[in-house]
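Have a look at these structures, which come just after this line.
Two complexes, one shared chain (chain A), two partners (chain B, chain C).
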Partner chain A sequence: MDYYVAIASIVGIHALLGLSVYLVAISGQMSFGQQGFFAIGAYLAGMGTALWGLPLLPSLVLGALLAGLIGIVVGFPALRVRGLYLAIATYGFGEVVRLVFLNIRYTKTIGDRVVGPNGAEGFRHVRYVFDRGFTGLQFLGIIAAVVAGVAVLFYLLDRSKLGAMLRAVEEDEVAAATVGIDVTRVKVLAFGAAGAVAGLGGGLFIHFSSYIDHDMVALPLAIASITYPILGGLGSFVGPILGAVLLVSLTEGLRVLHELRMFVYGGLIIVTMLVRPRGLVDEALVLRAKRWVRPRPMPRGGDVP
Partner chain B sequence: MKRLWRIGSVVALGALLAWPAGAGAFQSEGTVRIGAMWALSGPGAFFGKSSHGLASLAIDEINEAGGLVVGGKRVKMQLYAEDDACNPEQGLAVVRRLATVDKVLFSLGPSCSSVAEPVFGTLQKRLDDPGDTGLQLLFFTDTATKFGLAKLSPWVFRNTPDEPAMYDFVVKYLKENYPDLKTVMVAYESDFAHSASTWKLALQPALERHKYHQVVEVVDWRWLDNEFGAQVAKLRRANADIYFSLTHTPSTCPSFRELHRQRVKPRIIIGVTSIAAGEVLRQCPDVAEGLIAPSNFAPITAKAKQVADKAWERYSADSHIHSVPAYENVHLMKVLIEKAGIKNTEESLLEDRRKVRDLLARVGTFQGVVGKIKMNPDDHPVRPRDVDKDMILVQVKSAKWTVFWLPANLKQN
Partner chain C sequence: MPRILLDATEQLLNGLMYGSLYALIGGGFTILFGVMRKLNLAYGSTIMAGAYVSLIPFYLFGVPAWVMLLSSIAGAVAVGFLVELVCFRFLRKGHELAPLLTTIGMLIVIDEAIVHATGAVGLEYARPFGEESLAWGPFLVRPDYLAILVAALVCFSLIFFLIHRTRLGRAMRAVAERPQAAQILGVSLRRINVLTFALTSALAGVIGFFAVVSVGAARPEMAVWLTGKGLVVTVLGGLGSLRGAILGGLLLGVLEFETMWFLGTSYRDILAFLLLFAILVVRPAGLAGARAT
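After this line comes the complex of A and B, so read on.
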């Protein structure tokens, strides 16, 4: 049971990372640096419970807030570049964060443990969850609640004016500006909110794993985070969640294949992208689903052919 | 295309359904389950596969000799080896799989210290405290070497090198035997926990303690980098007498080629402990000539030669400082399991793990492949549940690892 609970927990944490990339993507931007926000959230939330004795919730909020604020700061210079250039610039941000955590030392000796970010040694002993007697299932409940809360916000965003503005900016910035949308504000807001979502994921992660180091927030995490929305699709917020479910489940589910595991894993991703080049939940599928749920009303007054 | 999509979906679904792969087996079916998590794929696979081979050899030997006696019945050892790919997140899932799906009595591994950190961090910290919900799974690690890992949980025991002591000895040895060699340059992998900790927690403190050598250059790179021109140029300018190459084979061989190309010729090159294995000999025997490494294993006794030959013959597994402990651990655990009086049932699993853990904490000295090994007890002030064992210096000569220095007690053997 614990095994499946652990996999579900990892899925939940990675879904937040995928949603963070999705939020930036639907404003027409490409970020390769969300792992940086994830790291900020993780380290700060970890310091909250392990060093400052805060409860879990305020620590998570603190991590998400700082990641969000830094997201806003990063959002401004990011306005000057687009596409691949933006991807490289944001990856640079992620690397800066990683290197900061590689060098930062802020530790306290608690009993026989040296707790806190300790440079290349990493950040050990974030044992709030285990020391407070949380079971894996209970912590999964917390993760699920956070993911559900964020998903509800995304659902509302999709149906809000702001959501429409984000999509408009994604489609055509110039056209969006001409109809009065403040493109700068929309893009910066997207970066800030995405940073907060990634930071929330990081905060949950460090409490799940009890440890983090700079190497765990490096390029492979950046690639994974961008793969979830690309594979899952950008048509709806369900896409990145589905992408995370599928990819994390496959990594574990294919264990029966032993050494062939990663070959098959790569092969399945290629096949999926060939068959669904715009992701599993693309715009067309979302449109079809909407029509299915709410069929178009019959035109009034006219004859039905 | 639709058909392809359907086939892909079926494969994926099949894989997902195949998750609970642990088949039922305990005392009633005549087996004791032992687990392992190693890097069996990815760039760290060399270490994981060699540990897998040496552990499998030990299990073969035990099973071929009739197995082990549990509750008056002869049972066989069955290995559940899982791949963590040297990835911390996969490790966090695998440890729970071993504990609750495979339901193993104890686990070997992991290979990578970066995986061991979060995995050991999620184990129970306070024995007998029901309020501590950390996992209760016994680890007897063969490879993850980073200093201090066994302190993370009383469920962790390691048969791994004591690197601070080894590099302290190396620095002292160089000071006494090569007093004219005073300048030192160092290379390490900044993203590899073992490499970075060897520099920061073992070698650097040793150099500072002995106050003899002068560190004139320290360079770093990532362990899967393949371009070292700039760093080696710095080493060339430093032109130190002694070069500590604290890197693993994937970056060691190409960096040595670059040293060769730029004609950097330190008088002595000392490697990281993990380098003393067959991989470096297969990949770059020419440029590794003369390389010295601290180790705990070399085929210097009849038993050691026999183990190394059999492991290679049966499993193409390399016998080295990290893989041979897997062999030693399995043999020791066989003895402890027989002594512990376990019931070996699914219901008694937690109790059985605890019994074996407590025995391992009190085991004291046991026989290794090369010499005696001493397991530190729970209350050891510095290195609880870690071992003390003899150190050897080995050197690459004519594409072979040869003994460079042996302690007096091993010379007598």
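After this line comes the complex of A and C, so read on.
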């Protein structure tokens, strides 16, 4: 039971990471550095509860806010860079964050434990959740609530003017600018909000695992975080969530196959892309789903020229 | 010469020698991207696959280094064909992100195969160039670094000859420039793609041999390191520009050695990545990039 609770918790945390990449992607940008914001959120939220004695919620908010602010700071120079260049530039940012945490020491001795970011040792003993007697299931509830809240925001975004503006910028920046959309503001906003979402995921992660180190936010996490939205599809926010659910539950759930697990995992990514090159929930599927939910009235025969 | 200048020059030499390994990695990514307009994220794993294949005759028969180099090339080419077949051949056209993911899938599969075959421990590799540093004037030169520089010179000479002086190279350049037009003129896209894969994979075999020689042991996690360096160099130089990749590789090498010497290992990578970010912001299409995508 605990095992499945842990898997579900990781699914939720990684879904946030996937949504973060998705949010940048639907503004027509490509980030390979969201794990950096994840790390910022994790370290700051961890410091909040473990070093400064703050409750969980303010710590999470603090981590998300700082990640979001840094997202905005990164968003401005990112405006100049496009496509794969942007992906690698943001990967550079993610690595800088990782290496800063590899070198930062800011510890306190609490009881007989050294707590705080401790260079290569990582940030250990973030025991808020355990000390307060939360069970794994209860903390999963918190994670699920956060993911659900973020998902609702994405749902509202999809139907809002801002969502339409994002998609317009993704489709054609020049055209978007000519109809009066402030492209700069939209893109930077997307970066900031995406940073906050990833930071939230990081904050949840460090409280879930009680521990984080620089190795956990390196290239493999970057690869995982772009895999969720691309495999899940960029047609709707359901895509990255579905991607995270599928891939994380596969990696963990296939433990019965333990020897062959990663072969199946890699093979499935390849096969999925061969069959559905735009991801599982692609634009065409979203359109069809919308028609199915709200069918358009059939045109009357007489009107057809 | 004052001490500090002497040190700086020595690190400059080291950086240029080791940077030529980065240039080779970036070159492999770049040639493939230039011709096919696709990024092969499984390239780092192809490099490691070659190095691991060359361990088989080494452990079984204790073969000399040149046989290991050849078997590394053969192994990498075999894996490269597999990557082309699985990740690119049957992929539908016009979806930019799909090849990224198929090659990520392949990266996972190859790495896992290596981990399974070796038990994830580092395996001692041959040291064909000895341990003794060579004295060159006031400078000490590591022989394996020197070998990397020589290998890079040979490889890039061959590659530039191939691209600019042969029919195949002309066909490759035509496909890179205008795939449809090249096809109309009778160039087979499939053939060029496969041959480009063969070329870059053979290069991967050379890189695998020299990269592992310079580290001294083969470890599965080197694939991530190679992929990271390759991506940085490719983009730093400007996607699809071979000259840019060489420039980017040498620059990264020099920068890493100078910062490592003067500031210590912990600052080396921070500075390198900060510089990457800064360069891309100032020159959004890379160092040699006129052709922005």
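Assume the second predicted complex is superposed on the first by the 297 of 305 C-alpha atoms of A that agree within 3 Å, B and C clash if a C-alpha of one lies under 4 Å from a C-alpha of the other, contacts with A are read in each partner's own complex, and residues count from 1 in each chain.
The definition used in the following text is that a contact is a pair of C-beta atoms (placed from the backbone, for glycine too) under 8 Å apart; a residue touches a chain by one contact, two chains touch by 3 or more.
Not measured: the values here are computed from a predicted model.
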After the match on chain A, would you call chain B and chain C a fit or a clash?
clash
Would you check which partner chain A:Phe208 touches, where first means chain B only, second means chain C only, and both and neither mean what they say?
first
Who does A:Ile223 touch here: chain B (first), chain C (second), both, or neither?
second
In the overlaid three-chain picture, which partner chain does A:Gly149 touch, first (chain B) or second (chain C), both, or neither?
neither
After the superposition on A, what does A:Met1 contact: first (chain B), second (chain C), both or neither?
first
Could you look at A:Leu231 and tell me whether it touches chain B, chain C, both or neither (first, second, both, neither)?
second
For A:Asp131, is the partner it touches chain B (first), chain C (second), both, or none of the two (neither)?
first
Once chain A of both complexes is superposed, is A:Pro55 in touch with chain B (first), chain C (second), both, or neither?
neither
After the superposition on A, what does A:Val81 contact: first (chain B), second (chain C), both or neither?
second
Which partner chains sit in contact with A:Gly253 here, chain B, chain C, both or neither? Use first/second/both/neither.
first
See if chain A has more residues touched by chain B or by chain C, and give me that chain.
B
Which of 73-81, 91-99 or 127-135 in chain C clashes with chain B after superposition?
127-135
Residue overlap on chain A between the chain B contact set and the chain C contact set?
102, 218, 220, 259, 262, 268, 272, 274
Touching chain A in the complex, chain B uses residues 1-2, 4-5, 8, 11-12, 15-16, 18-19, 21, 40-42, 82-83, 85, 87-90, 92-93, 96-97, 99-101, 114, 117-118, 121-122, 124-125, 130-135, 151-152, 190-193, 196-197, 200-201
Give the list of chain A residues in touch with chain C in this complex.
77, 80-86, 88-89, 91-93, 95-96, 99-100, 102-103, 218-220, 223, 226-227, 230-231, 259, 262-263, 265-270, 272-274, 277-279
Within their complex, chain C touches chain A through residues 39, 41, 86-87, 90-92, 95, 97-102, 104-109, 111-113, 116, 224, 227-228, 231-232, 234-235, 239, 266, 269-270, 273-274, 276-277, 280-281, 284-286, 292-293
Hey, which residues of chain A end up touching chain B in the complex?
1-7, 10, 102, 112, 119-122, 124-127, 129-136, 208-216, 218, 220, 246, 249-259, 261-262, 264, 268, 271-272, 274-276
